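As structure tokens, here come the structures.
Note that chain A is present in both complexes that follow, paired respectively with chain B and with chain C.
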Partner chain A sequence: MSGYKDIALRESSFRPGSTLCPGCMESIALQNVGRVSDNGRKTIFSIGTSCAEVSSLAFPNVVAWGRGDASPDDFAKSFSIIHNVFESAPTLAEAARDVSDILADHGAIDRPIQVIAASGDGGALAIGLRSLLHTIYRQSRITMVVLVNEIFANTGFQYSPATTPFAETSTTPVGEAQAGNPRLPLDYIHLCIAAGAGMVAQVSPAHGKLFVKTIEKALACDTTAVVFVPAPCISGWKFDDGETVHLAELGAQCGAYPAFVWERGKGGAVKDCAREADDRPRLEEFLGLQRRFHHLVQKDPASGQFVARPGREPDVERMRSWTQSNVERLFRLAELP
Partner chain B sequence: MKEPIATAAPMPHHATPSGDLYPDAVRLERVREAHRALYTERETITADGNAAAALATLQMWRCVLYAGFPITPSTKWMETVAAHIAKQVGGKKRVKLMEAEHAVADYLVGAAAACRDLVFPTATSSVGLDHMTETTRSLGASGLGNVLLIDVYRATANFPLCIEGDPSDTLAHRDDGFIQIACRGKQQIYDTVLQAPCLGMHHDVLTPTMPGYYGIKDSHRNARLIVEPDAEVHAFQDRWIQPCPLPGLVNGDTAFGTCVTSRHFQGFKVSQKRRMERVLHWLPQIGADFERQFGRPGLAFFDTTGFPDDGAVDLAIVTMGPDFGTFEAMREQYAAKSGLRVAGVAMRLLTPFPRDAVRKRLERAKAVVVVNQAHHHGRGHLTLDVADALADLAVMPRIISVFAGLGGADVSQATWERMLDHGRAALGGTTVPPWAIFHEGRQL
Partner chain C sequence: METHQDVSDLRALIEASVLEVRGDGKAGGGLVLAFQSLANLMLRDPETHVQEWPFFSSARRGANIRSFLRISGRPIQAACEVTSPALSVLMDEGAARSVDFAEGVPPGGTFVLNTRHSPEECARHYHLSGRVVTIPGDDIGTKHLKHPIGNVSLYVAVTHAIGGFGIEEIVDSFLETLKKRRIPAAILERNRAALLASAEAVREGTYHEGAPEDHPVAPWTGYGTLPVGAQTPLRLSQSNRTAGYAPSGVRLRFEDPTTACTGCAHCITNCPEGIIRFAPDAERGLLVHGVDVSTFCKLCGECIAVCPEHLFQEVPFEDRWEEVLAP
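This part shows the complex of A and B:
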């Protein structure tokens, strides 16, 4: 394993020039993934249609990917990227992996190649769930990064299967008859473990060292490694500028998306999130920073804390109950061998 | 598998319009050397169409990875490939079984982009091809001429479901951007599959190919097939297939599938159309070279029967597929009985449609009966193309549009006679409807 400082000083294949929103967690995550993957291996990157794709792989805008300033003589810095449709990222990566492996098996290539795929949660868990699970099931040696902003941000912030309960999205609006998203999120971590992944993690760059270490482990995994990256979306979650990393950390600590790393054969652990609710930050503080939950909570002028809006106490309690079950679920998953 | 070693040794490279290319990154000769010949000398075997197509791909050293998903009537292509690969202890070719046709298409994108010098084949049919559509259209525009998508024709749609072969699937995909070549008979299937990558991977073309043949009629019925020795197949293909001048994912720094503004989209589409049009230049040359080497007709725009040297005929039929054989068998008898000069064209190249060649062939026909075998809301896909080809003539032949063989039904001799009578009536001045459907000797 490389040192954090060593990784921080590497070049990233995610270059300046993307048009992602200022304050987008996806750009922070991709920059970090790019640095970790600057490890002496050529990189092939696949990406499904998503915010990250349309904002970084646009022409005539700058394509925000590449080998950086390194001399093209250095094949270890060689970088290629491919985009096809929303759901395609794992399949494209699997194909590139297979071709690389079959060429190596023939003795036709003699330099190592690593393959990384990236999707949004819409691409990976809605339209692309089948693709993701079957790539895992076939034990493809790729690293899959799923940027989970809990919405189809690219198409205008619609509900996705990862949307938090009660969240307001453009297709689960808040009205007198409905308080935002009525559904529980898909248990995608458990699905990936059940499908046969070699490693499944949920961690954002808010946990900096853990994030880069997890990506590094994922790149070394013998089968499919899936890293879900909670990605607060400044436009879709509607929070103030400068709160991205804080919100990512707070959401993990309060149990909305706890940091979690699991490796097949080794088990896993929930990180930086207490099992007992009383030992975690108040859920209302996490909700209160985002206007997608402002139908549930408001700031109490007296205490300065966010509290349930009058009449919404049962909804906040349901949310608290879901959060607790979410934390318990991950602690139980961590015990899987 | 042993992981290659990381090294900082410089790698030769040069710039291309699509990024840097590292020609030494992939030593293709290793792949060629590892190929195990299926045939070392010319043999005559018995095979159905799916087996003929499968054998052709198995003989190519550039085919090492076979992705697929079963769908009737193309399934046996995959089974044949799998059976041969399973027998080769220590062989390096691999079968990749995907979870759906759509995944196969995505997989082809990734694989073909990864190494543009290998050929990535699959076979599908009907709704399988429909299921791939989202990505076949990406492929068609991709420049990945190393994708070989074999379409075993079958009626599309499941209301009602019909597993027999009419070409409505391939004709519904005219705009996917593939070079579409229709075959009839096992030999033509085998020969066409061997030639298709030579066309698709030609540097002027760089467009994926979709050879196709009729499900059941050709896919499932056995006939004699001459197979060539692998060494001869390689010699032929190596003459035509040169290393791709553009980088792939493995041997380049490049980006596929960027998001472009409408202004730049125009340029991509102009390039795509121009590459497709160059097929009309190269296809006959590849076909002629094939014939020189193997002594059988190679790729052609169409097959013909009954045209005199000056091309002047009373009735010309235009169709595609194996039912043309029935027409060939009864043509002379019908001509003698009717006193008409009767000839026929069986289309081979569907996309791009060889307008000029079709016009030249039909310009001296008095009437053209276009026999469509696939559902269409109007006068028929083939009719529209033929009408377009003839539109510029000073004196345009009368075009009569008919449908027959829908759902893969046999077009019997009686049906051919009835359709020709229909054309003859039109030729004689009788008003005929814009289109008519024929089956078992009757107009429906």
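This part shows the complex of A and C:
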């Protein structure tokens, strides 16, 4: 295990020049994954279609990937990227893992290779849930990084199975019939644990030290490790510039997507999120920063705090009980062996 | 289009052949909405044929985008990019850093710019020959919409340039387009105020500051020369200098005269672009000494937000695009 600052000094394989939105959490996450993976092993990335893919691998200007001036012969610094459609990121990574294992068994390569699959929540949990679960079921030794921005951002902000209740998306508009997304998100963490993953985590780079430590652990895991990265989407969640990291941290502390790390055989823990609702930051503050919840909360001019809009109190209460059940659920999952 | 056509009278152009309009802006700036409202306004005349389409990449915010509009009294057969528009529109001055917004405009064409500068200054700066219409759209947006968004004003300036519309229908067409996007009523009213204020703020003049060789059309050599997968020269022209995504007129600065940096590394791990400059340091582990804003900084403000010592700040800066900040 390397220290936080040692990892900051490493060279990331994700470079500037992507066309991602200013302040995109996906690019922060990939920067850090790229830094952690600079650990002396060759890395193979398998990236499914997502914002992160279309914005960083645009042909012919593949500009956002590369590691300094290292020559291609420098095996320890080298990495490669395979792109395939949404659902294929984990299965393709599995294939890369198998081929490199066979090559290693026959002595064709003598150094270890690490395989990282990356996909969005739409790609991994809606379109590609089957391939993700089967990759986990086959205990393939890969690290799956799921960038959870809770929408299909790339195709125009449609809801995904990870969308927070009451969020306004282009396919769950706020109207008289319904107040945003009417569904509860899929319990993807439990699904991955139940399918047999060696490690499941939910942590964003806002918890910097925990994030790099988790990715390091995931890379060292001897079966499938799945890391869900809550990624506030500046265009889809509609918040102000410079709020990305703050929002990612606040959402985790409020119980919308608490930081959670679980390892098979060792159990897990919920980090930086209290079990009792009173010990957590006010949920309205989290909702108020995002215009996708504009129909639920408004700023009270007297106190400067966000409060529920008149008539929307029951919805905010339902949201609060959802975050409470969310936190309770993760605390119970953490007790699994 | 014939080469020696008089392009100064836009109304006559609509009657005689086709008025071609091209707009340059940045994604997220509202250019598409302005052009949709223009198309909507034109379609109020049942005799008019309109074609409107935007061109953009997967980038959602800040990247260069283009919008095209053809208006004619006859059915429009052409279905390609506009390469020699009689009316060229610049939504965001930052967009003009990456592309030439006046490219291919015939002499005597019309230019509409969203800028604080006067028409004369613009004509000299961008070497424009023809009618130049300007409007300080960002200021009007800040005043009425609490947000420096210039599309409302730009739309009014373009209707002014084409001429022949009443203020009522100009306002109605824009508000109709907003209603289609489910914009709340309170914001519609603010937009109405911005539209009316814009009508008073249009300035124009006719200048001859451009030479014939100033805005050449990029040579089109056919699709055969492009690599497989590339789409059009427009796509290829999008460079990866993502500093152009940042808002105009401000820039990031790192200042640490007292070496207050604690080496916490939060700015390094939370910079989406990885452009923080630092060096290993015996005492702190590492020491940040600058940030490379010249090429890739999109000015997302994350470093400003996460630095516990508040060493990063957004500062206003004029015209000159300074290169890498010295360590």
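Criterion: the second predicted complex is superposed on the first by the 333 of 337 C-alpha atoms of A that agree within 3 Å, B and C clash if a C-alpha of one lies under 4 Å from a C-alpha of the other, contacts with A are read in each partner's own complex, and residues count from 1 in each chain.
Assume contacts are C-beta pairs under 8 Å (C-beta built on N, C-alpha and C of every residue); 3 or more make two chains touch, one makes a residue touch a chain.
Quantities reported herein were computed from a predicted structural model and do not represent experimental measurements.
Using the contact criterion defined above for the overlaid structures, shared-chain residue A:Pro173 touches chain C, although it does not reach chain B. In the superposition on chain A, A:Ile113 makes contact with chain B only, while chain C stays out of contact range. With both structures placed on the common chain, the touch criterion links A:Thr244 to chain C but leaves chain B unconnected. Of the two partner chains placed around the shared chain by superposition, chain C is the only one that A:Leu20 touches, whereas chain B remains out of contact. Of the two partner chains, chain C is the only one that A:Lys5 touches; chain B does not reach it.
In the superposition on chain A, A:His134 makes contact with chain B only, not with chain C. Of the two partner chains, chain B is the only one that A:Gly40 touches; chain C does not reach it. In the superposed model, A:His83 makes contact with chain B only, not with chain C. When the shared chain is aligned, chain C comes close enough to touch A:Ile234, but chain B does not. Overlaid on A, the two complexes show chain B and chain C touching the same residues of chain A, namely 54, 58-60, 63. Here chain B touches chain A in the complex through residues 1-8, 10-11, 13, 19-20, 22, 25-28, 30-31, 34, 64-65, 67, 92, 94, 96, 98-100, 103, 106-111, 113-115, 118, 134-135, 138, 247-250, 252-261, 264, going by the rule given at the top. Across the interface of their complex, chain A is touched by residues 28, 57-63, 182, 227, 229-230, 236, 238-242, 245-246, 263, 265-266, 268-275, 278, 280, 285-286, 295-296, 298-302, 304-306 of chain C.
Within the complex, the chain A residues that touch chain B are 40-42, 44, 46, 53-54, 57-60, 63, 65-67, 72-76, 78-85, 87-88, 91-96, 98-113, 130-131, 134. Across the interface of their complex, chain C is touched by residues 3-5, 7-9, 12, 14-25, 27-28, 31-32, 35, 51, 54-55, 58-61, 63-64, 153-154, 173, 205-206, 208, 211-212, 234-235, 241-246 of chain A.
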